[in-house]
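The same subunit A turns up in both complexes below, where it pairs with subunit B and then with subunit C.
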Partner chain A sequence: MDVTRTVGLDRNDVIAAAKSIYSLVLLLLLWEFVAQYDMVHSYFLPPLSDVLATFYELTADGTMLEHAYLTFRRAMAGLLLACLLGIVVGVLAARNRIMGWFWDPIIEVGYPVPVIALVPVFMFWFGTGDLSKIMLVAVGCFWPVAINARNATREVDENLVWSARMMGTSDRRLLRRVVVPAAAPGIISGVQIALPIALIVTFVFEMVAGGGGLGHLEIQGVRSFESAQVYASLIAIMIVGFTLDRGLRYLRGRLLVWT
Partner chain B sequence: MSYADFRLETVAETIPNPFRRVVRFVFEWIPIAIVAGLWELASGTIVSSEILPPPSAVFAVSWELLVSGRLLPHLQVSLYRIGVGLGLSIVVGVALGVGMARVKPIENFFEVFLALIYPVPKAALVPLAILWLGVGTETAILIVFLACLLPIVLNSYNAARNVDRNLIWSARMMGMPAWKLPIKVVVPATIPSILTGIRQAIPIAFIALVSAELIASNRGVGFEILRHGQIGNYTSMFAVLVVISGTAFVAVRGYEWLERRVVTWT
Partner chain C sequence: MNRTQTHRQHPSNAESAHETMVDGHVTITELEKVYESGDERTTAIEDFSVTVPSGEFLGVVGPSGCGKSTLLYLVAGFLEQTTGTIAVDSDPIDGPGTDRGVVFQDYALFPWRTVMGNVTYGLEEKGVGKEKRQATAQRFIDMMDLDGFEDKYPKELSGGMKQRVALARTLAYDPKILLMDEPFGALDQPLRESLQDHLIDIWRELEKTVIFITHDVEEAVYLSERVLIMTRHPGTKKTTVNIELDRTQPREELVLSDEYTTTKNDVWQSLREETTPGGEH
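What follows is the complex of A and B.
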């Protein structure tokens, strides 16, 4: 009796899935084997089973969740702030001549600044707590959001605007009901570009300045020679990155039902 | 709209031709001057000049750091790290991208790893790199390499997938052996996309570099920013920041200029 049929899977699906993950399984087995027999010092590569045990331990006693929550809160608060400001600035810069004149060169100069280099500056300005992290995430995410919002708004079909105006739509309403919805796919792309920046800034800031969070947990592992903790934090970071990426994609699908 | 009068073109038309470009340039960059002016005024009055050093002082120190050559060794180290990391990621990324696109077993083998590292911010791998390579140049190179790898792999993969079949058929017809195809046909047809991938990778390389240098280095521009901040030398901290931003800006613009010069066939 074919087991696969009972779960509604085609045999070919199973073969394809096996083909695409066999290398990972092989690598994980090799990792466990090499580390278990001490071919590599456990400081560099603790056995996979140890890493998973540490991950489970840290998750079970709530440490991991607490740190993940800190990271998540900082990254999301900063990203949200950047979205609010970036979308307003981007849309207005595209629709209003004075705003465009003022913001275009500022965006041009501000975008290429490697924001991560501002970590010491923000530590100095806002301390090492949540505020400095959230502010720097907001600054880093502002540029891609603003640029994408501006470009998407510029590319909105003028016929849409003219038609709406012909039918007597007011300026304010035009922006909210016609321009922003038409530019929404591009605006959301900007937010998707900003998401990894939010995470990078949060992790690096936590590593340099401390104050809890997954980045802090990970660097702490290095400093106390607890390699398993470094790997376990990385698993958590992977999960957080993956969840946020998928979440944003899901949100995009829900927000852009008409596309 | 009532802003109809406020048009660059209408202003510019009243000015004789040779000056137009200059006037346009000045007009376009006035906002930067406004921001810098406000900053200059605010520093020392509203905010202490410790916290927000005036731009004039910051630029003076940047200039002095560059001319006196005190920053040059650090800049050199950082550029070396970026160069090696980015260079490696181009070589490996193109080979991997083209290989995955043309050979199914290669794709089956590597796809899952790329899917796994895709959502991880590469800067989060710095502690792991410290475990393996210690604090210093190798760690920075590894992080730059990993950060730049994905955009280059993705761009070359997509392009190699979509190489015009007629090109391949023609080459085969004219008797080219199969093993020569990747080098003679696929990679050349993929070059514009590879160059796009590299352009996307350059700013990422700078972010990765500075992250690695902030966390795990005792040389390089990222480390210099942190060091000046820690000893309270804030004007110098801002000055190094200006230098690294300027370098990133020049790198991206220089690359775009070079790309336009070199890729003339598209």
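What follows is the complex of A and C.
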């Protein structure tokens, strides 16, 4: 990755950014216009200005932050757990025959399962609390992390491993010294793929099971016919997702300056 | 060509013949390597014996696919032979070891480490302290004309620079034996020549045993004290040719000298027999 592309901005980037915002602004204006002139019932689509006012109110009285924090905490805890397990399993499955024999079929089958379908199951087993949510997030994020870690590890250039061994790196230290650093770009890609999954699972679980969080706030808006709250929650989750994605990209750039 | 040289040399005979073999000699005895993948068996090396006395610069040439890389990786300990033995200083090798250092054709630098980080790697693994490590590494970085590039990552370097880093990295942890697999194959002529001269200087100064694989006859003759010619697939030792050149003269004169031209032609002819269909063997 070219560092200048993520940090500095050149002329083309600025123009591109302006253009993308331009179309977005146009859409938002259209939204305001359509809603203001009652072309759509305000229950379905309240004017943007109402949504922003509600967003502001909820933020000012701390409600929004409280819910955003709950969602953020669950998603991050689950993602972190998935990263710990997924990276270990993925790397070992690629480097160790027995681990590969055990995990390869599980990863192949587990990866495409739509994890949202497990929300009710987890409610049965583990209830509706934080632990249940975090665990399901971890399950959902585990697969992309593990599969990317495994594939990246498999693709590590054998010559790098040989180089290290000839310079005296023992088999035990090989993973930490060479395999994981060499596979790091692929491993981090897996984490980036898992991030939106973490948010989706958290959000849906909160909608279904409550217990606070932005998903809960949104569905509450539906149940109390507060459609402005529904859209305000949506904006909040978008901000959370966007921020986390940027944060991860920044981290990637810092960790992988050498790529 | 002296065909008697193709006969197997028993280590005991060979050893008594070279009194100088103290440290870093390689003895390969009746080596055979068969690759097995599924039902397919490919014999890459067979009936291969040679002794490389300590401090020798041995060039290895052979037709493409004859098993040169396989031979080198066997000596490095990366691959396991099917039969036969490879011994360094009379001890059979068991996997890779810091007594041997490989310089790969595609450099195989650690991309996440800077030039300095790459060159210090072997010393870190040896447990050398930070200051000593840096000082030793700096010596080899300077030797390779890489000073000023210590903090660059491999992706920021040209091919020739990468190859010099690879050489510095291997030299820094001080293996007795250098194993080089077409290290300059991907470089353009002037760069290749400058690195060749560099390598000769280093070999003289550091007194390493070198096994240098190349498909370039001129390179082999220019660098080596002895050139080993391999037969075509499956590879075995065809013959070895001693190179006796007056190394005191500059390159321009040396490559025009009669000895150089004659030896080069000898090696070239011998190799040609292996590359032309219906040739000898």
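Everything that follows uses one rule, which is that the second predicted complex is superposed on the first by the 236 of 259 C-alpha atoms of A that agree within 3 Å, B and C clash if a C-alpha of one lies under 4 Å from a C-alpha of the other, contacts with A are read in each partner's own complex, and residues count from 1 in each chain.
We take it that contacts are C-beta pairs under 8 Å (C-beta built on N, C-alpha and C of every residue); 3 or more make two chains touch, one makes a residue touch a chain.
Note that the structure is a prediction, hence the values are computed from the model and not measured.
> Based on the shared subunit A superposition, would you classify subunit B and subunit C as clashing or fitting together?
After superposition on subunit A, which the two structures share, subunit B sits beside subunit C with no clash.
> Which partner chains sit in contact with A:F102 here, subunit B, subunit C, both or neither? Use first/second/both/neither.
first
> Where does A:L160 make contact in the superposed view: on subunit B (first), on subunit C (second), on both, or on neither?
The answer is second: A:L160 touches subunit C but not subunit B.
> Look at A:L29 in the shared chain and tell me whether it touches subunit B only, subunit C only, both, or neither; answer first, second, both or neither.
Neither partner.
> Touch check for A:I15: first (subunit B), second (subunit C), both, or neither?
In the superposition, A:I15 contacts neither subunit B nor subunit C.
> So, A:L251: does it touch subunit B (first), subunit C (second), both, or neither?
In the superposed model, A:L251 contacts neither subunit B nor subunit C.
> Spot which of subunit B and subunit C makes contact with more residues of subunit A, would you?
Between subunit B and subunit C, the winner on subunit A residue contacts is B.
> Touching A:A60, do we find subunit B (first), subunit C (second), both, or neither?
neither
> A:Y43 in the overlay: touching subunit B, subunit C, both, or neither? Say first, second, both or neither.
In the superposition, A:Y43 touches subunit B alone.
> Report, in whole Å, the shortest distance between any C-alpha atom of subunit B and any C-alpha atom of subunit C after the two complexes are superposed.
Value for subunit B versus subunit C, nearest C-alpha atoms: 6 Å.
> Intersection of subunit A residues contacting subunit B with those contacting subunit C?
Shared contact residues on subunit A: none.
> Quick check: in the complex, which residue numbers of subunit A touch subunit B?
It comes out as residues 19-24, 27, 43-44, 96-98, 101-106, 109, 112-121, 123-125, 196-197, 199-200, 203-204, 207-208, 214-215, 218-219, 221-222, 227, 230-231, 233-234, 237-238, 241-242, 244-245.
> Any idea which subunit B residues touch subunit A in the complex?
Contact set of subunit B toward subunit A: 1, 3, 6-8, 28-29, 31-32, 34-35, 51, 108-113, 116, 118-128, 130-132, 203, 206-207, 209-211, 214-215, 221-222, 225-226, 228-230, 234, 237-238, 241, 244-245, 248-249, 252.
> Residue numbers of subunit A touching subunit C in their complex, please.
Counting only subunit A, the residues touching subunit C are 157, 159-160, 162-169, 178, 181-182, 184, 256-259.
> Contact residues on subunit C for subunit A in the complex?
The contact residues of subunit C facing subunit A are 73, 76-78, 95-98, 100-102, 104, 106, 108-113, 121-122, 125-126, 153-155, 169, 173, 175.
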